[in-house]
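In the part that follows, the structures are each spelled out as structure tokens.
After this come two complexes, each holding subunit A, first together with subunit B and then together with subunit C.
Moving on to the complex of A and B:
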């Protein structure tokens, strides 16, 4: 089928890949090499995932993402992006992973994907599914974070990388993840003003970890890139502030300034030691949450990995989840970065070939050997990065005041949840809090508030966030207009 | 102010889209959200209580950029502006007052 020739009618395929990021692309390449039919579904208009959010096809961009850190994912993208033998379904949202009905004569297939495409909703049956949905920014809720102009740092980066657009004039980046250095650098290159880059980590803490001989020897390329960026920021007189966190955003109709406060050595925010930066945009950057909703909706076993992605899917050595022929790859297994995601995609693809009986165990082991070796090295680095990028414990709780909006969609304030918790000792789960207060009940289905809600409940009840659980995920996992259902099949 | 990067970037010829009836220039293929922010519109929808919402994620997760597309003859649809490419003549409806 020609690229993006999107049918609104039911279809069957051998392997459906959800997500056209590094994992999905790498898996597609391996599966195609073995003659397996592949359908790739993604919400974006083009392949690449968030790391390689491509400019529109109608644009031509000289020197797109020149930094070396993109080289390997770029190669994976170029290997398959124009492949006519892959059935690409862009601008398409998977609303649910369903089991085919035993009462309907079906065309086979282990799983049924309920998809909203440009022409409406339909079902896609697949013998195997690879779920590689990536991750999104872990939001920090703080006073003023709903003011126009406060975004995720990744959101700002998406505008620059893909849209070739600087979505503001003067930026403050604040958080704990080194990604914000990359974003600051890309903003500077694009001609924007960066008022400050604020890290929660103390300078010595960051240095000590980066200088660890294990990291320095094996990952000198990344370290070199980081020190180059720091040098460029210094040359542009951009203050890089360590040991501080954002405490509020202020402005009449939109952001006009950002206030940061010092974090004392025991991790407590000291609101008496503040600095204010004038700016019209704030990008927050505190790590990532895996997009786990489809895995949860499908009923796959999950586990809690806190700063490595929140709720992530359990899997075996071949990256098969607890559900037969539902494979998982990329950040949904643990947020380890794009290069690791490539290797996970390759291993999962070999696992799928093995599961479909295309290759035997021996051949599978040989095919996956190189990817496994690389993955283990990359995960060692990811573990160091996760530790480095971790904000102080309880930062999320310290950042909110009583009247900070916790759930953006339903405008529920922290104080409302706390009152409900005080009034009803039986609220022990995120779902119970949702029933009583409407947190997580809005259009984003709890993606933005879920992590913070779980932390608040856990703190109040003396539990761990994993004991509070995520919100129950139900199909459709994203809101779908009635008109789209009327135009197509509704599962 | 926001700005489109022009150095090293070739865009197709500009087209007109309408934001609450106001004609603005945009480019086919860029996201509706880019077109809105470039035109100075940062509040894109209202929450279930009618309060103004503003985009946070730019990747289809937060639903804060849900805007109404007027399809004529009384029909309209709601789309995530960050995931929807601009086409010529698009008529967008966003909350007034900002």
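Moving on to the complex of A and C:
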């Protein structure tokens, strides 16, 4: 493998792909077919992204979970993930997408990636960059959410899939996203006890949407799988509660129980109508936020798509962002799921071939035609799913009380932010609030609190979250050990 | 047309502090900020309170250094101002003045320190030269490579996030009006008055009449000057600062280096801030550098700055760099502040340039006294814009 031995040296590559998930791998396959040099950078030790999360090669339990969903994606990606002609750079974090200096003639390359690899930090120039960083779970802050045992439902799934390990005994899953059904099913299969699955949606609302003739016709596979899961949960006596939301987690040193409350028809949480479930793990599941920090740091134009990923990147028909030769694919353009991400990766790769002058417009149009057609169908379904999975407006704000920790890195409570807003009427942006209160200044760089902070400021000032803005993203977008800087080759 | 006594342009530390000092004396004040308060250099600097001569002032040879040393009298006033600031504003500003060390790693460094100390002494700032053993005793966290240090017991740091907002809150409490997200598009003389044209975030245009205008726009003070057809020779420069994750208390001092760009300190929250004047880079719009967009970090400079920091304080080598950021500050052609009345434009005052965090509250207090009383309690003649009259000789009386 031409992989890791190049790490630590400055160089130029043709196309750098950030993220080895469905988008990145699909793009890599198309680019390799056309003889373009590809470098793939990913934080994980193996390719596949979150959706293909796999255990280390040396460790695997036979017949752990039967693969059901995404088998098409998996098949399509398996081939490329072992390709020797790709320059793989695993366990590597892109700290920033830097613009080469316009004041110094050197090297070429449209972008310069600041990378932390196993051997230290280095710079890598690329003629084109495909940014496909995926998404992460939208956190809900509620009393007790920082207790050990409160997790994202996807994180629980990550343990089950990639570690082949059930991280707890008795689970409550609560949220608005259907993913929690899949996770509940996987937990049951793996032998865990599921105490409840709680949906914010009312039952009728969910079924009305799913029975939409358009969805029923075109996506019968997903529908079928959903009803199978519901049947299995029923057989296992797992209560599936609709029209409720998690309002608190309690326990001495870790989660011991979860309290849920009814949401009345006007979307207001009724704290007098509660149920308590004993559990040692709570999986929260309110959909996803695009990992937008690199796009924002690079200065790409972003726009706000509330329940399709929060801040997502603007792009043209070829998935080129507002920055020339910085392409975007996958959830960073809108959280549409793995199947759609695959097609976006293919289209972006054709866009890159076209932009680098490898193919002309006609050929590009032909090459992308099939992927475009599939994508359009998948995005129609994604739009229905996004609408279905959307939690009630203001759920995030209703969930918090005055002393709920909003920013867990810096231990800033909701009340502290609200008092700062009351005392400083000029604060209109998330960045201004950060500067005054330290909210978002910690190790996670605001990934966990940013969405909730923006909602609080927007609500207080009578603005929309998009007017409040995300925190400004700066390189390095993730914390980097000083030792990796000192040892690296950027000095 | 609304009338006020003073329009203050710029919602950074100097502008917010001036609004406070003016309002405290009963003046009607309107503070105008184009973005949000404290969002540029005032809130983005590393919070050093340095009273010894900074490296940027001594690195260009003895002759220039002795000229730059004229800043020291102002530094000594600032020192006293900072001692009383938290009481004055009734706010916790995280002021810690536990001493500053300028470290030397070579004989050449030591020689430079000695020359620096002689200059400082001449202007009334007495510092000590510590031996290697004394340094070790006082600052055991420093590396073995440190063989001497210049020590001044009053240096330290404050939290830039808190200072300007505290001034702004107090100014508002005293009746000052603060208008953020508002641009200034006109600055016209009308008899003895100034008429300031403002455009707010909704695009609404209005005019305000004032007896005096204070230009506290920092790196952008030159643009404000241009509205009055004057040159104020202040240049925007892009710097970068780095913050390291929280650690147990280790470094009580402000640490600088005798012959390299470095400031290093541990703040109240436990984070270690590393800076010292390493450049970031302006982006280019068309054929010009743009000070309107965020400056871009230069990876090589961030790396070099942190490599130096980790060499001097080995214990931080095991920590994470949490974040780097860039900021734009203003520097004059002679590195001295622009502080006082603009002779070519009666009623127009400026307070900008230089080490405007350490000196900011003092600039604001003294220029406010100048505006209201005609003379400040401490002379600021050395820093007067009059020293650039040879330029504005060709600009004035339009």
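To be clear about the criterion, the second predicted complex is superposed on the first by the 472 of 491 C-alpha atoms of A that agree within 3 Å, B and C clash if a C-alpha of one lies under 4 Å from a C-alpha of the other, contacts with A are read in each partner's own complex, and residues count from 1 in each chain.
Assume a residue touches a chain if its C-beta (ideal position, glycine included) is under 8 Å from a C-beta of that chain, and two chains touch if they have at least 3 such contacts.
Everything numeric in this text was worked out from a predicted model, so none of it was measured.
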Touching partner for A:266 - first (subunit B), second (subunit C), both, neither: neither
Partner chain in contact with A:443 - subunit B first, subunit C second, else both or neither: both
First, second, both or neither for A:190, with subunit B first and subunit C second: first
Subunit A residues touched - subunit C or subunit B, whichever exceeds: B
Which of subunit B and subunit C A:479 touches, first, second, both or neither: both
Partner chain(s) touched by A:362 [first = subunit B, second = subunit C, both, neither]: neither
Which of subunit B and subunit C A:429 touches, first, second, both or neither: second
On subunit A, positions contacted by subunit B and by subunit C: 410, 442-443, 479, 481, 483
Contacting residues of subunit C [partner subunit A, same complex]: 36-39, 43, 161-162, 165, 168-169, 178, 180-181, 244-245, 269, 281, 283-284, 294, 296-300, 302-304, 306-307, 309-310, 316-326
Residues on subunit A engaged by subunit C in the complex (per definition of touch): 96, 98-99, 101-103, 112, 114, 121, 123, 410, 423-424, 426-429, 431-432, 435-436, 438, 441-443, 445, 472, 474-476, 479-483, 485-486, 488, 490-491
Subunit A residues within the subunit B interface of the complex: 43-45, 50, 55-63, 91, 93, 136-137, 139, 146-152, 154-156, 158-160, 162-169, 190-191, 253-254, 291, 408-411, 442-444, 447-448, 478-479, 481, 483
Residue ranges of subunit B touching subunit A (in the complex, touch as defined): 1-5, 8-12, 27-31, 34, 37-38, 42-43, 47-49, 51-64, 66, 77-78, 82-83, 85, 98
